[in-house]
Every structure is written in structure tokens, then in C-alpha cells.
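In the two complexes that follow, chain A is the common piece, with chain B as its partner first and chain C second.
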Partner chain A sequence: MAKKITIDPVTRIEGHLKIEVEIENGKVKNAWSSGTMARGFEALLTGKDPRDASYVTSRFCGVCYSVHQLASSRALDAAFGAKVPWGGNLIRNLVMGAEYIYDHPLHFYQLSALDYIDIMAIADYKGNDKDLLAVKDKIVSLVKAKDTYPLTPRYEPDEFTVKDPDIVISAVSHYLKALKMHAKARNMGAIWGGRTPHYQNIVVGGVTSFPDINQVARFRSMLDEQAKFISEIYIPDVLAFGTGPLWPLAQMGIGGGHHNYMSYGDFQLDKDGKKLLFPAGVMKGLNPADIKIDTVIPERITESVKYAWYKENKPVHPYNGEQIFNLDKKNAYSFVKAPRYEGTAMEVGPLARMIIAKNSDILALVEKGAKPGAVARHAARAIETKMVVDACYHWLDQLQTEMTKPGFKIHDTEHWDPPSSGMGAGFSEPPRGALGHWIRIRDKKIENYQAVVPSTWNASPRCDNGVRGQYEESLIGAPVPDPKNPVNVVRIIRSFDPCLACAIHVIDPQDNQIRKFIIE
Partner chain B sequence: MKKTEKVYTTTEGGDNVSPKKIVVLGVGNILLSDEGIGVHVANELIQMKFPPEVTVVEGGTDGFRLLNIITEADRLIVIDAVRGHASPGSIYRFDIDEVRNVPSGFKTSVHQIGILEVIDLSVLIGKRPSTTVIGIEPKSLEMSMELSPEIRDKVPKIIELVIEEIHRPV
Partner chain C sequence: MKGEKILNDGLMNIFEAHGINRRDFLKYCAATAALFGLSEFEFSSKLAYALESGSKKPSVMWLEGLACAGCTISLTQSLHPPVSSIILDKISLRQHDTIMAAAGHMVEEIHDQTVKEGGYILIVEGAIPSADDRFCEIGGRPFRKIVEEAARKSKAVLAVGACGAFGGIPRATPSKGISVTESLKKAKIDKPVINISTCPVHTDHLVGTILYVLVTGNIPELDSNGRPAMYFGDSRLIHDNCRRRAHFDAGEFLNDWNDPRQKDWCLLQKGCKGPMSHSDCSIRRWNDGINFCIDCGGVCQACGEPSFYEHVTPLYTVESESSKKIMAMKKAGMFTKEES
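Presenting the complex of A and B:
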């Protein structure tokens, strides 16, 4: 008999997500992904000056602010007819590049690694390495104090969990090293963004602050430190885990899903935007021997609300999207809409980008027997982080050269005033995947604004055709021998790096005792 | 500088002790009315003058990414909305360690990696700042960029409490 289990909330992700799975004979038979927070910030923009959009949308998400700022500015660029000068594009690239350098290692170490290692094995470390012994002491003392959160895994170790004390202790020391690197990485974007969090610099037409040579030098030295960590620790760890203890999971391809992939393409490499670091494309049904990639035609994107808590409507293009909630809707189970490309559910994010790019490292892993899925997603993330690091050096060199040229520009000041009417779409590829913003302007004011975010593509519920979203599909067939310990379910879901933190931040204590601290 | 000139510091510990770094951190989402109270207060405080060892940060809805700011602080004062189901505008004040002793524990927000978890994590890479939360019971969490009037009226009082907190010896 099928048994239904619910994981609510899925922890160690950004935001609030509920996953329900039906298990039969030790495997997931059916799955439902439910975004349990309402969002619909777009409504706040109606009637505002279009230039406000890049500021307001940067507050959509607590995690990915600069990426909304960029997609929004690009939508405005299109609607205003602004042409961003090369200098502005280079700085936009560097801001987003810093985002990758920050985001991907954080996802691997802080949000995912604990799904794969048994942290408690650390107590059995018998080696003499002083640094590692210090790590052991630190963790063991936390365990003794029963204060291991957030290190303690939520689920029991299973057959795929790494229990070798030497591997575990080195992983934990890298976890701590990664934490230190995150704290530093955050300041990289701030060099251009003026402050952190919530940068200020990306606006319609380009960027706002003129770079000086000190900023370039500071960014470069911070990049050097991160680059060293990424090539010497992050990449080797992902490779060692992916091709070592996790190889059986990679071969099983758990978490594969629909095998439809989409990337809007991003990181302009030349002045006219023809060459991109991550190419754009869509692909339906992966056949590694014969990868056929089509051009993305944004008009073919629709959002279905059949199973989402919105007013009943046919699937519509984001230009015409609306946010009218209906919490009593029959069969609805999510606040996330279901975006589809030509009616098809798509995976977006690192794996999609690397497959669309026909990246040789990822294809080599597939050749060796890894199936695209949870483990491949971690590998794709590491591979593209390295690509971005290398590209950042290139962009810095270019910026340094450009800055010395007469007439160096970072902003198209000719197109600062909003047009009386217009439409525009802005696309980008933040770490989590394809992000699109759509704006319609009338009488110099925003008439309609819609954003379709990466986690909406991946976390969507079923659509009008009843097709499961990518999280849901990726869970089908996943081994769950013990329903009390659905560790594979969270491994799969976290491999996507869910981000549904597009809302609340309030501190919410679990009991009323907090009231005793009222002082006023 | 003439050699006889005396260098003044704000610490009482003598010339060789650098002052304790105090970070005032206002967090919240300004798109959800009172949820953004911490941000509104921080933006007011940013315009005021404080001794050099005091930094005011508007942290938005950031969680993990505030680690750089948190690990630099010796003392942290967080301003945030707190849902304790008291009457709107009630102000809470507690040190993190006090709340850790509350039996059912203290988990933050729907933001699964919340600000308090990040403060906990900071212990792993060095030190955990001594942390005080000034919390405000929200009235409305509806979508809006304005505070509700009851909460807006509390802003001067909250600022007063934060300043008191800055000067409180720890």
C-alpha cells in the first residue's frame, strides 16, 4: 500500500517549501511540491515610476537581490530603448559574477553537504593534524552541549552517507573554511554595489557609480583569495564526493526528472552581446549522444494556475499575468504558479546551463555513466563557478583597459526618462536559473509588472495538462526504503537549491513565552 | 601630529585596547508593511551621529549573507519584527542567550536560514557577538511599503531604546 509522507518545511533552504510524497515498495510513486508562502509583490509596482522597479524588485527576495535588480533593469533597458555601454555591462557582469562565487560554494557546504556526511563520525578521527583536531574539539564540544544545530542532520545516515572519520573531518573543516569565505565574498559585490546587502548600483541604462582603479584592485585581490579556495578546495571536494562515495547515486541518476532544460543565456562577453559565457537554449528530452538545442522564444512562455491558489484562468504569457488569490480553490496546493515553455515543464539552473552549453566536463561525467540528476547538479554548479571566476579576471582586465579610454561610459544617460508607453522583457541567469521580468508602461507609469523566478520553474505544481513540475517529477522513483527517513527526498530537492524566500523575515518564536520579554 | 598630543579613544581600557565594535542591524522586508520595521528604524539611525565603533546596517531580508557583518561585531543589536501574539506595537527586548533557554527552543521565521541561525553559525568561525534583539510586534504583514500608523508612532521610542542599548555596558 502506498504511504504518504510530508516534509514541511524542507529545511536548510532559502524560504518555505512543503514536499509530499507517496511511497510504494520503497520508492516514490507520486509527489507534490507546494510553495506555502504567498507572493505577489508585482502588484506593489502598478502605477509607480518604472525606474523604481529595479529598487523595489531587489526587495522581492531576501537572498537574490542583485539578480532581480539586474533582470528588472534589463526589462527597463528594453522598454526605454536604452543601450548599456560596455563599461556598464562589465560592471553588471562582475556584480553577478560575485553572486556565483558567493552562492554556489555556500549551497554545497552549508545547505547540502550534511545530507551526505555523518557529522557524528568526527568523534572517531584518530589523526594528528592539529587544525583538524581543533575542528574535532569544536564540534565534539558542541555535540556534548547538545547544541549542534545547524550541523545536525535532520535524517539518519543511510547506505550512501559518508561515515569515514577522515573524510568527514576534512569535509567539516572545509565547511568552516567555506563559511569564512562567504563572509568575505559578500563584500565583493559591495565594491560595485555601494553597500551590502541590497546593492544600489544597477539601474536602467547601466550602473550608477564610476569605478576607480582602487576598486578594480580590491576586487582583484578578493577574487584571488576566492579563486584559490574554489580551485583548491571546492572543486576537488565536489569531484571527490561525486566520483567517490556519491558515485552510486550519480549512476542511479536520482533526481533526474523530466530532462527538459532551459537557459536564457547570460554574461555578455562582447560589446554587442552576441557572445555569452552561458549560451541560451531549450532542450526537450536529453539524449547525450545527440544534443539538439533550440533558441528560446520568450513568447512561448506561459504560466498555468490550475493547481495554484490564484483566480481560475487559462495559461497566459507573463505580460498578461495577474495575482488574484483564491484560497478556496479546489485541487490547488501551491502559491507557486506553473510556468511552462510550449506547455512543457523545464528544469532551469546550473545543470540546465551546463547541458545547454554542451560543457565538456559535464558531458564527460555523463559519458562515464553519471545520469543527470542530484549529484550532477552539484558538479554542474562547481564547474560553472570556475568558469565565472576565470571570466571575472577577464572582465576586470577589460574594465581596467576601458577605464583609461577617453569617453569611457557606464550609463546611457540619453534614456533615463521613461517612455510614455512601452513594453520590455529582461532576462538573466542568476545562480539558481532562468529569471525573467516583464514590464508594460503606460503614461510613463507601470501598468503591469511580472517576474517569473527560477524556483517557480523548478518548484511548480502541476499545470493545466496535469504535468508535474520539475521537483515533483525528479522525486519519482527515488529510493525511500524507510518512510521515516526520506533522506533521498531532501537530497534531491536541495540539489536544486530551492529559493522561495521571496517574502517574510519576521522572528516567529514557537511559544508564547517570548511575551515575558515585552518591555513597552 | 606633535608627539605631545594625546590620542583620545572612546574605550576605558587604556590606549592599547581597541573599542568594542557595536553593530546595529535592522532587518525585515519593506514590501510587507510592518515586517520592514527594522529597516525603517535602521534607515533613521543611519542618519544620526554615533561614535566610530558603532555601525548601523540595514540588512533587508538577508540571512546567511549577513555573516560578514555579524562576525565583525563584538556586540550586535538586532531590530526586527517579532511575532509573539501580543498587542501590535509591543516592544520586546531580549538577549539571545535568554531565549535559548526557553523550553521549546527558538526557531526563526519561515526563512529557514534566519538571522538567529546565522548568529549561531558565527561561533564556528570565530566568535558569536553578544546579541540583543529589539523586537516589535507587527500589526500588519500585508503587502505595502508603508508602516501601519500604530507601528510608525513607535519608531521614536524604538530609536530611543536602541540608543540606550548602545550605551549599555556589557
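Presenting the complex of A and C:
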């Protein structure tokens, strides 16, 4: 007989998430993903000065703030008719680049690693490495003091958990190192963003931070340190785990889900925004032998609210979305709406981006027998972090050249005042995936504002057609031999890097330098 | 509130209160090991063991409600001291949903156990919904109730970020977020609350306040809005210490972000609320002193004030209630620099 278990809260994510699964014969048979917190940002924005939007929507999420500022500013750019000068775009690229650099390693070490290692194995470390011994001392002293919070309690280690003391202690030392690198990477964005979290410099028309040469040099020097960490520690760790102890999980493809992928594309490489670091595309049903990618047509996006706590409505395009709560709605189980592309549930995020980009490292992994799923998501993050690091050097060089030219500009001052009416959409590819903001302006005020964020795509409940969201689908078939220890469930869910506050903002009312994955 | 003793006088607390850190103390002990007829190693490890198991770290519980996790990120970006040393060496972090290994029912168990023990420092990030409890539930329980219950048994409460301290942006949404203070008052819970506002909380303000409480056992002096006076307070007006202040006095206001000549001019006409904002941002700056809002050409939106966000909108003009007040004060000559 099926047994239903609830994990609430799902921890080490951003926001409030409840996962319910039905287990039969040691495997997940059915799943429900539920966002349990809502504030109501879109309602707040109605009637406000449109320029408020980029500042306010940054507060959707304290982890991925810059991307909301950016997508929002792009929606405003479109509605205002503003043309962002190249200098402004370069700075926008650089601050968002910094976001990738802190976000992906943070996810791997701080939010995910504890699912894959048995931290208590550290006590058995027999080596002589001074730094590692210091880590051992730290953990052993916690154990002696009988106070190992917040590292325990945790789900019991299973057969896929890494227990080798040498590997575990090195992972934990990198966990500590990554924390420091995370803070330093955030400082990079602050050079132009003013501070983190919640940058202050991205507005409609461009940016507010007029750069100087010292800032460029400072960013570059900080980037050097990050680049070293990413190439020498982060990527090797992901490789070692992904192709070593976690290879069985990769081969099983746990957490695969619908295998439909979408990317809006991002990081403008030229003035027109036609050339992108991450290409745009949509793909339904993965067939590595015959990868067919279509252009994204944003008009084909709809959001369903059948199982969400909003007033009943047919699926509508975000321009026409409304947010009237109904907390008493029968059968509803989430504050997250259900976005669909041509009626289909999509996975967005690093794995989707790298598949749409036909990235050779990801394809090599698939060729060797890894199925796209939880483990592949970690690999995709590492690959694209390196791509962004390399691109940041390129943008810095360009900025340095650009800012010495007479008439250098960062902002379209001609289009600062709100138009009497207008509408616009802004798209971006934050670390977590496809992000879209839509705005309608009337009488110089916001008439309607909608955002469909990455975690809305991934964490959505069922839609009008009863199709499960990507989290839900990805759990189907996951092995859970012991219902008291559903470690695979959290591994799968965390592999998406959930960001639930973003998902529920409504209420109302390359290069080839990356080492190939070596699979023995 | 001021001067309340909130920590047990554990052995290490006494040493630390006298400025003796653990390492120094061990050095001293090792040097005197001979007196006890033991090897240095034996002595120090025995003593270390005794100290580690005898000195209980103060327990801390962090709860997140109507929030964006920005304040959590502020905690994790502490470099000096590193966040790992705060979390592992200085406090016993019982619950922090974004950091802890446990999930689901284990979180509830730890929570219940900690509440039962009592005497912890409670940190609340985010506002509390007042329109309907169902706008924020964790483990199927209303966040409001979780906070009330945890506050009752706590030694002190830190309300972090604009949301926790004053309601912040959620106050203006349909969930009608209210501050921790308001929520506890409604429930008739009398506990000292330290408001560490700004959106998000400043890393130094957060870490500094936690350390102040741990080191002294006391609550820091608070200003009229319940904020630590060492960071906020009447004497810490952003405007007074702003690098653009001379341009304000000279009537030079930035109009075009592209113009290198105007680069450092006053941002008042772009909606800057520095003249009514209390915080040490313009001196302390953010992210290890690298920058702060005004110096990136961005605008101070008074995110540390109770008026944020409802009374500071529209953000980028001089039409908000807050900006109107500033303009009236300016007209009345209230910002004239005194001769010193």
C-alpha cells in the first residue's frame, strides 16, 4: 500500500517549500510541490510609478536580486522605449556575472553537499594535512561538546553517501573555503551595485554607476581569485563527485522529470543583444541523438491557477494575469502558479541552458550514460560558472576600452520619465533559469505587473490539464527504500536550487577549457 | 531593556569577558602543565575537553517569515569574522532553515526541543502576515504562532531587516506584513526586541549586534525606534556624512548619470532620502566598505526607517511623502551647516 510522507520545511533552499510524496514498493509513485508563503508584490506595484518596479522586484528574492532588477529594467526599457548604451549593458553583464560566480558554488557546497557526504566520517581522517587537521579538530570538538548544530541531525547516510574520510574532510574544508569565496564574490557586484544583497544601480535606461579605472582593476583582481577557486576547487570537486561516488545516481538519472527544457538566452555579447553567451531555445522531449531546438515565442506562455490559491480563472498569458487570492479554494495546494509553454511543463535552469546550448561537456556526459537529472544539474552549474568567469574578463576588457571613448554612456537619460502608456516584457537567464517580467503602463502608472520566475516553472503544481510540475514529475520513480529517510527526495529537489520567495511574489488581491568529464 | 543579563555565566564567557580567548588560555595552561606532573599534550587536551564540554555555547534560533532571504545572505557574507566561525565556534545554531542539515520533521523536533530548553536568542527575518495566518505557514503551522511561542521562551529577540523590524515592503502588500514588535504586542508578549533594520540587514549591524549580546550579556543601547544606537540613532544621519553633502549645500543636483562632471553631485532630485535616514551607511559603507547605495549613483530609499516602503514611494522623484518632508525642511533652512 502506498504511504504518504510530507517534508515541510524543505530546508537549505530559499523560501518555504513543502513536498509530499506517495511511496509504493520503495519508490515515489506520486508527488506534490507546495509553496507555503506569499506576500503579494504584484498587487503592491499596481498604481505605482513604473520606475519603482526594478527596486521593489529586487526584493522578490535576496539571493537572486540583481536578475529581477535586470529583467524588470528590461521590461521597463521596452515599455519606455529606452535604448541602453553599450556601457550600461556591460556593467549589467558584469554584476549579473558576479551573481553566477557566488550563486552556483554556494548551491553546491552550502545547500547540496550535506546530502551527499557523511560529515561524521571526518573523525576517521588519518592524514597529516595541516589545514585538514584543523577542520578535523573543529568538527571533533563540536562532537565532544555534544553540540553539532547545525550540521546534525540529518537524514541517515545511504549507499550513495560518500563516507571516505579523505574525500569528506576535503569536501568540508572546501565548504568552509566556499563560504569565504561566496562573501568575496558578493563584494565584486557591490563595486558597481553599491552593495549586496539588493543592488542599487540597475534602473530603466541602463545603470547609475559611472565606472572608473580603479573599479575595473579591483573587479579584475577579485575575479582572478574567484577564477582560481572555480577552476582549481569547484570544478574538480563537481567532477570528482559526479563521475565518482555519484556516478550510479547519474546513470539512474534520478530527478529527470519531463525532459522538456527552455532558456530565454542571456548575457548580451553585442549592442543589439542578438549574440548571446547562453542561447535561447525550447526543446520538448530529450533525444540526445536528435536534439531539436525551437525558438522561444513568449506569447505561447500561459499560467494556470487551477491548483493554486487564487481566484478561479482559465490559463492566461502573463500580460493578462491577475492575482486575487482565494485561500479557501478546494483542491488548491500551493501559492505557486503553473506556467506552461504551449501547455507543456518545462524545466528551466542550468541543465536546460546547457542542453539548449548543446554544450559539448554535457553532451559527453549524456553519451557516457548519464541521464539528465539531479547529478547533471550540478555538472551544468559548474560548466556555466566557468563560461561566465571567462566572459567577465572579456566584458571587463571591453568596458575598459569603452569608457575611455569620448561620449561614453551608461544610461539613456532621454527615456527616464514614464510614458503615458505602454507595455513591455523583459527576459533574463538568472542562475536558476528563465525569468520574465511583464509590465503594462497607463497614465504613467503601473496598470499590471507580472513576473514568471524560474522556480515558478520548476516548482509549479499541476496545471488545468492535470500535468505535474517539474519538481513533482522529477520525483516519480525516485528510490526511497526507507520512508523515514527520504534522502533522495531532498537530493532531487535541492538539485534545482529552489528559490520559493521568487516563485511566490504575487498576491492580491566556453570555451573548451573545462576538463572533459572522465568516466572510467 | 538596557542592561538585562541574558547569558549564563559559563566558564568561557567569564574568560572572554575579560578579554582572554580560548587559545591564550590554553597556552597558559600548557605552560603550567608541569606543575601537575603531566605532559603538555595530556594537560591541554584534558583541559580542552573539559572546556569544550563544560562551556555551553549560547543557543540561537533563526526563523524566516515573509522575507526574501536577503538578511540570511547578509549573515553568510560576513568575512570578518567569517560566518563559519560565528556558526560553529560562537553560537549553537539550533535552527536556520537555509543552513541546517535537517529537514522536515527533524526541524520541528529541534525547534520543539530548543523552545522547551528556553533561554536562546531568537532572530526573526521577515514580517508576519496580519491579513491571514495562511499567508505564511511552516510545517503546517502559522508562522505567527511559531514566532509567538519561540519569543515567549527566548532571552531576547532580534528583528532583522526592514521586514522584521518595521514590516518593510510586505506591509504594503495584501498579506499585510507587520513587524515582530507589533506581532508580539498583539499577543501580549513582553520581550525585549532589538530592531536591526535596513533592507536587507547590514552584515556588520547583524554580526555586531549578535556579538555584542554574546560578549556583554546585555542588550545594546537602543534608539527611539528600538535600533542599536551604535549603528542608528539621531546622530547618525546618512546625509550628514554623505560625500555628496557639499554639492547639496552648493545646490548641485545630478540630472544625467552619463555626465562625468555631475558624477558626484547630490541625488536629491532623483529621490534620495538620505536627509531623513538614520544609519551609519555613509561612514561604514557596505560589503567590507567597498561601496554603498549613494556612491554607486543609486538613491538612498530610507530602508532603515519605519516609513519604508509605504511612505518613500515613488522612489525616484521628489513626490513621495518622505521627499516632501525633506523639501520642506530644506526650504526652512534646516540643513544649513553649522560652523564648528
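We adopt the following convention: the second predicted complex is superposed on the first by the 499 of 520 C-alpha atoms of A that agree within 3 Å, B and C clash if a C-alpha of one lies under 4 Å from a C-alpha of the other, contacts with A are read in each partner's own complex, and residues count from 1 in each chain.
Definition applied: a residue touches a chain if its C-beta (ideal position, glycine included) is under 8 Å from a C-beta of that chain, and two chains touch if they have at least 3 such contacts.
The structure displayed is predicted, hence computed values, not measured ones.
More residues of chain A lie in touch with C than with the remaining chain of the pair chain B and chain C. When the two structures are aligned on the shared chain, A:Cys61 is found in touch with chain B and with chain C. By the document's definition of touching, of the two partners only chain C reaches A:Leu327; chain B does not. Applying the stated contact rule after C-alpha superposition, one finds that A:Thr6 touches chain C and leaves chain B untouched.
In the superposition on chain A, A:His411 makes contact with chain C only, not with chain B.
Taken together, the two structures place residues 9-16, 37, 40-41, 43-44, 56, 59-63, 65, 106, 110-111, 138, 149-150, 176, 179-180, 182-184, 186-187, 195-198, 501, 507-509 of chain A in contact with chain B in one case and with chain C in the other.
Chain C contributes residues 48-49, 52-53, 55-57, 59, 64-74, 76-79, 82-84, 87-89, 92-104, 106-107, 109-110, 132, 134-140, 143, 169-170, 172-175, 177, 199-200, 255-258, 260, 263, 285-288, 290-299, 301, 309, 313-317 to its touches with chain A in the complex. Touching chain C in their complex are the following residues of chain A: 6-16, 18, 36-41, 43-44, 48-49, 51-52, 55-56, 59-63, 65, 85, 106, 110-111, 114, 119, 138, 141-142, 144-147, 149-155, 176, 179-180, 182-184, 186-187, 190-201, 203, 206-210, 309, 325, 327, 408-411, 413, 490, 501, 507-509. Note for the complex: chain B touches chain A at residues 27-32, 35, 58-68, 71, 80-86, 90-94, 98-99, 102-117, 120-121, 124-125, 133, 135, 138, 141, 143-145, 157, 161. Residues 9-16, 37, 40-41, 43-44, 56, 59-63, 65, 102, 106, 110-111, 138, 149-150, 176, 179-180, 182-184, 186-187, 195-198, 501, 503-515, 517-520 of chain A touch chain B in their complex.
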